[in-house]
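Labels run A, B, C and D following the written order; every chain starts at residue 1.
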Amino acid sequence: MSLNIVNNATCTFCGCVCDDIELHADEERIIEAKKACVLGKAWFLNHTAERLYPEALIDGKEATVDEAVEFAAELLDAATTPLVYGMSNITCEAQREAVGLAERLGGVVDSHTSL
Amino acid sequence: MVLVDIRETKSVKASDIFLQIRPGKDFEVITILRALVKEQPVDESQVQETGLTLEQLQDFVDRMKKAKFGVFFFGMGLSMTRGKHMNSAALLTLAAELNAFTKFVAMPMRGHGNVTGADVIMRWQTGYPFAIQFGRGYPRYNPGEFSTVDLLVRGDVDAALILGADPGATMPQPAIDHLARIPTICLDPKVTHTSRLSRVHITTAATGISAPGTGYRMDEVPLPLRPALKSPYPTDEQVVRRIHEAVLKKPDWLQQGNRMALNQV
Amino acid sequence: MLRITGGKVYDPLHGIDGQIRDICIHDGKVVDSVDGGRTIDASGMVVFPGGVDVHTHVAGGSINFARAMTPEDHRRTVAFIRSQTTRSGLGGMAPTTFATGYLYAGMGWTTVNEAAVPILSAKHTHEELRDVPIVDKSCCVLMANNEILLDLLEQGEMERARHLVAWQIWAAKAYGVKAVNPGGVAAWKWGNDAKQMAETVPGYTSLTPAKIVTGLAQIIDELGLPHPIHLHCNNLGAPGNISTTLETMKSLDGRRAHMAHLQYHSYGGDDWSTMRSEAPAMAEYFNQQKNLTCDAGAVLFGDTVTITADGPWQHLLYKLTGRKWGNLDVENETGCGIVPYTYRPSNLVNAVQWAVGLELLLLIDDPWRIFLTTDHPNGACFWRYPEIIQLLMCRDFRQECVTQLSEKARERVHLPDIDREYSRFEIAIITSAGPAKALGMPNKGHLGAGADADVVVYDEDEDIARMFGHPRYVIKGGEIVIEEGDIRATPEGREFLVQPSFDREIEDFLRPLFEETYTMSFENYPVEMHRIERPEISECIDVST
Amino acid sequence: MSQVTLRLKQTPDVPLEAENITPDVLSDLPHDEIRALKLQLGKRTFRIDEFFEVEGERSDQVELHGDLKRVKWLGRGMTRGRLVVHGDTGMHLGALMKGGEIDVHGSAGDWVGAEMKGGLIHVRGDAGGQVGAAYRGATVGMKNGTILIDGCAGLETGMRMKKGTIVVGGVVKDFGGLQMKGGNIVMLSGAEIRTGAWMVRGTIISMLPLKLLPTFRYSCDYNPGFLTLFARQLNRLGVSLPVSAAAGVYQLFSGDCSVPGKGEILVWQPH
């Protein structure tokens, strides 16, 4: 089986964000992360494209993403001061969405920086 | 390279000089350095309590002044110990003051992948880097008041959306207890401490591995992410957008004429 | 479809000076006539083409750093409360992105040129520009301290340098090229500066600031960029710097150039205590140089935050004021310093700066070659432009302001002796028609058929600052975006780019150098097209004639 | 004498912002309009009478009862009158205050009297951090007025203050008088660490020995004349400061040399 090779891949495990990683991957997992450090290798090799978990859980029960999204929106909208927190290990594109959501919710938005 | 730490770490081998200071003395050491840079006197008897001698510190100052281009890299050992933001402020001030003699800069070593991106985006969209409250329809900022640990410990929020983080594993117990008490929604590629205490967990693609986009390096250089895998799960970006769209269908809480701006000055 | 009827139209490009004309709009463009659609009765009102800011700092690493440094200003400033259609934001010295769009559009400016973008963080700038709503945008990439380019200029490899510049413009997805303190910022990385045009830049054997300027200007003309070299001279803000500025202009030897924020480069005197205005000498020389345009970089009294790629100057300012200071270095490309600042009429230096900006605007006789800017946020925030318009249009008001200055300051300036008052026609030139022409944007700055339908309608008002600060209607791309102070629509703006041709082989030259000296992968360096909001690629032109 | 009395009916789930509860606002309003004043709870606005039982009208004498730990901005920017609280209060009590008096029979949250310009605040219990301080990014904290804390005070007490007086009966936490530019802080029970860090000017007086930064220098022992006058002022507020040379002496430390600053720390040494 031929491996999919990605050059100049970016590692977001730590704040250094190295962007010269060479990834070798099959359909389900990354087999090799060349030029990555110990932490980076662990990061890349530790994720798979397999469906290991349910797509969503509501109160511990399996649910569809649609149901989970609807319910999440309901809980957040009902709150008086909802908190949107974290954002370290998501993309900038997701962060932009998150700030906009927090604004619409009238809540608080905060990142790891505040720790 | 000069390494400053409270214990001998593996990095000692890579350093030319290792300055081992006593725990909790960061602020004192940097404040002494600031005085020495300006050739101001310091109380020698008290210097010892930092774990270093005046000679060591004076030598360090001389080396910094002689350097052509100096950089301070600092991490959470500085910013999360007693003194917190003031420890970081002290180092930034020292770096600024050294520029009277040579070129010096300071850079925080960010522990988490794209926390810099969050800072940068919040700054351009809201003017503030973190700890932002939108309750009055516009951004307000006050670390300590609107920062997450403080909010959770005091119980000042009544729902939470957790993205790309696992506070359930890292925060003080009273904060975790509050997250468990209120409706918490967690987006994460894996099962985490936080997802276990959440009412809603949506599995998302892993950033940079199976989710594309952009990440900021800690020196604020944006880099494209090149995922190698295709995830069966949606990305955080997609899920957040969908939650946002679902919220937009609900009646808006912010009514015309119901606006109260509270500028603090 | 939209028709604006009965207004007094000021369209300098077509020589229309307050005549009653109807403006018809269809599909975002000005057209000769329309059938149907909404009609705005502009009888008794004044109609201008949308404002064009040739030089401002609204997006990117440095202004974003300034935002983080000034939370105290955010608290006291205008807060934009979000609505169903608008995002929240904060105005003030360094407005947030959404507020920037609302504030610009709110006073009738519809096109802005972000003047300083390093390639390395150009992705960031473009992402921010996407979040600046309503207005159309372009940006200038910083070039004159790029070490790879400087090496080529030193070696006299002009051909290769040209390909490199073209490649870099496209990599940054820029519209023009900005040169800041040529050689000086590179030297600042080692704590030095480059102050003399004919002196070798520290670290080089023969390269001088003058060679950098002429080399770049030459290349930009050869590439045929619609906007000439955008030049921030050496020695910004220093007493006696007029000699450097004049030397720079002479070294251009007839080549096109846009001189940025000329106010900061027109001082006499030997030190801070003897600093004086040299605006008349500057204007006299400038008036003869038809190859040049400039913008004022005017100063207004009050609080602001100063940001510039001119790192050495900013460190000096930090030492002078003892206030906060931030500094960013951008690897081998450029850098940036940030200092909050208050301009005071009682301060001799500030008084001279305030006067010089206005004097240049009043003494440079061709309004098509000097444009209204404050080098936002350096001289003042852009949302204070209406105050400058008032100072230009009303001599009495100006003289009243002069009385705030100390006796000593009044002896150092020429403003009390200048009687010129701008007409509305001239204001329309320096705020719109002129900068659009200098930027080489043929569809901006006028109201003729084919122009972008960016139109401002003002109520006539004796209070000039109020009139220009509060337009009745602002139309952007044919859409009413502001109506009686309310934001009606927030369309995404377009971004203008140029794609000068270059030899692909330049990458073979660049790649090894890059891999040796940069900390990121070469492939990750250029800005991808998908990051650009509504890109519009402008044609390069032939400037040999 | 007439007064307005507000009794909290229910403790809010999240912080309630009540900048309208000041003598300035209440003194001009009839009962109905007081009841209709707005409060901000997170993203929602409420009427005052949804959270408080309201008695009285048109008075600048205001009395509050209840557990107000989650109620922020009480007495914000007030210029006159008197606000008495029976219970604990939340953050920003008397912030930006210009005049009048606040008396809290209980404890207060962070930012008591932040950036205040005048008036008197008396907290009989403990106070949180940043008493009389500058808000983030601002260069100047309290510019005048008096703050008395009978209990302990939190981090960064008097941060960047320029003028005025803060007296703390209990222990002051780290960074008391941080970057102080003027004014006085009196610490009747001493402080934890880093007192006077980066201070430029101003005076800190401690009745107990302090653990000072190495960048403070001992200057001399003395009983400065201005203290007699200052002690008399404090006496009127019920605070007694020893000034008799027979009873002891003040050790003067100057600093912070790292700035370098000309601040003074006076530490009382009884004989």
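Quick notes
As a working rule, contacts are C-beta pairs under 8 Å (C-beta built on N, C-alpha and C of every residue); 3 or more make two chains touch, one makes a residue touch a chain.
This is a predicted model, so every value here is computed, not measured.
Once CA atoms are averaged chain by chain and compared with the all-protein CA average, the nearest chain turns out to be B. In terms of the distance between Cα centroids, chain A is separated most widely from D. Our note on geometry: chain A versus chain C, Cα centroid distance of 39 Å, whole angstroms. Between chain A and chain B, the centres computed from C-alpha atoms are 18 Å apart. With centres set at the average Cα position, the gap from chain B to chain D is 30 Å.
If you average the CA atoms of chain A and of chain D, the two centres end up 44 Å from each other. Among the residues of chain C, those touching two or more other chains are numbered 71-72, 75, 82, 87-88, 127, 131, 520, 524.
Contacts with at least two other chains are made by residues 7-8, 10, 19, 79-81, 92, 96, 100, 103-107 of chain A. Shared contact sites, meaning residues of chain B that touch two or more other chains, fall at 119-120, 125-126, 129, 134-137, 139, 141, 143, 156-158, 214, 216-217, 221-224, 253-254, 264-265. Taken together, the touching pairs cover every possible pairing of the chains. The part of chain A that touches chain D in the complex is made up of residues 79-81, 105-107.
Every residue of chain C that touches chain A in the complex is listed here, in rising order: 82, 87-88, 127, 131, 520-521, 523-524. Residues of chain D touching chain B in their complex: 13-15, 17, 19, 38, 40, 42-45, 70, 73, 91, 95-96, 110-111, 115, 129-130, 135-136, 138, 174-175, 178, 194, 197-198, 212-218, 256-260.
Partner chain C is touched in their complex by these residues of chain D: 135-139.
Those residues of chain C whose C-beta lies close enough to touch chain B in the complex are 59, 61, 64, 67-68, 71-72, 74-77, 79-84, 87-90, 92, 94-98, 120-121, 123-124, 127-128, 131, 188-191, 315, 318-319, 325, 327-329, 519-520, 524, 528.
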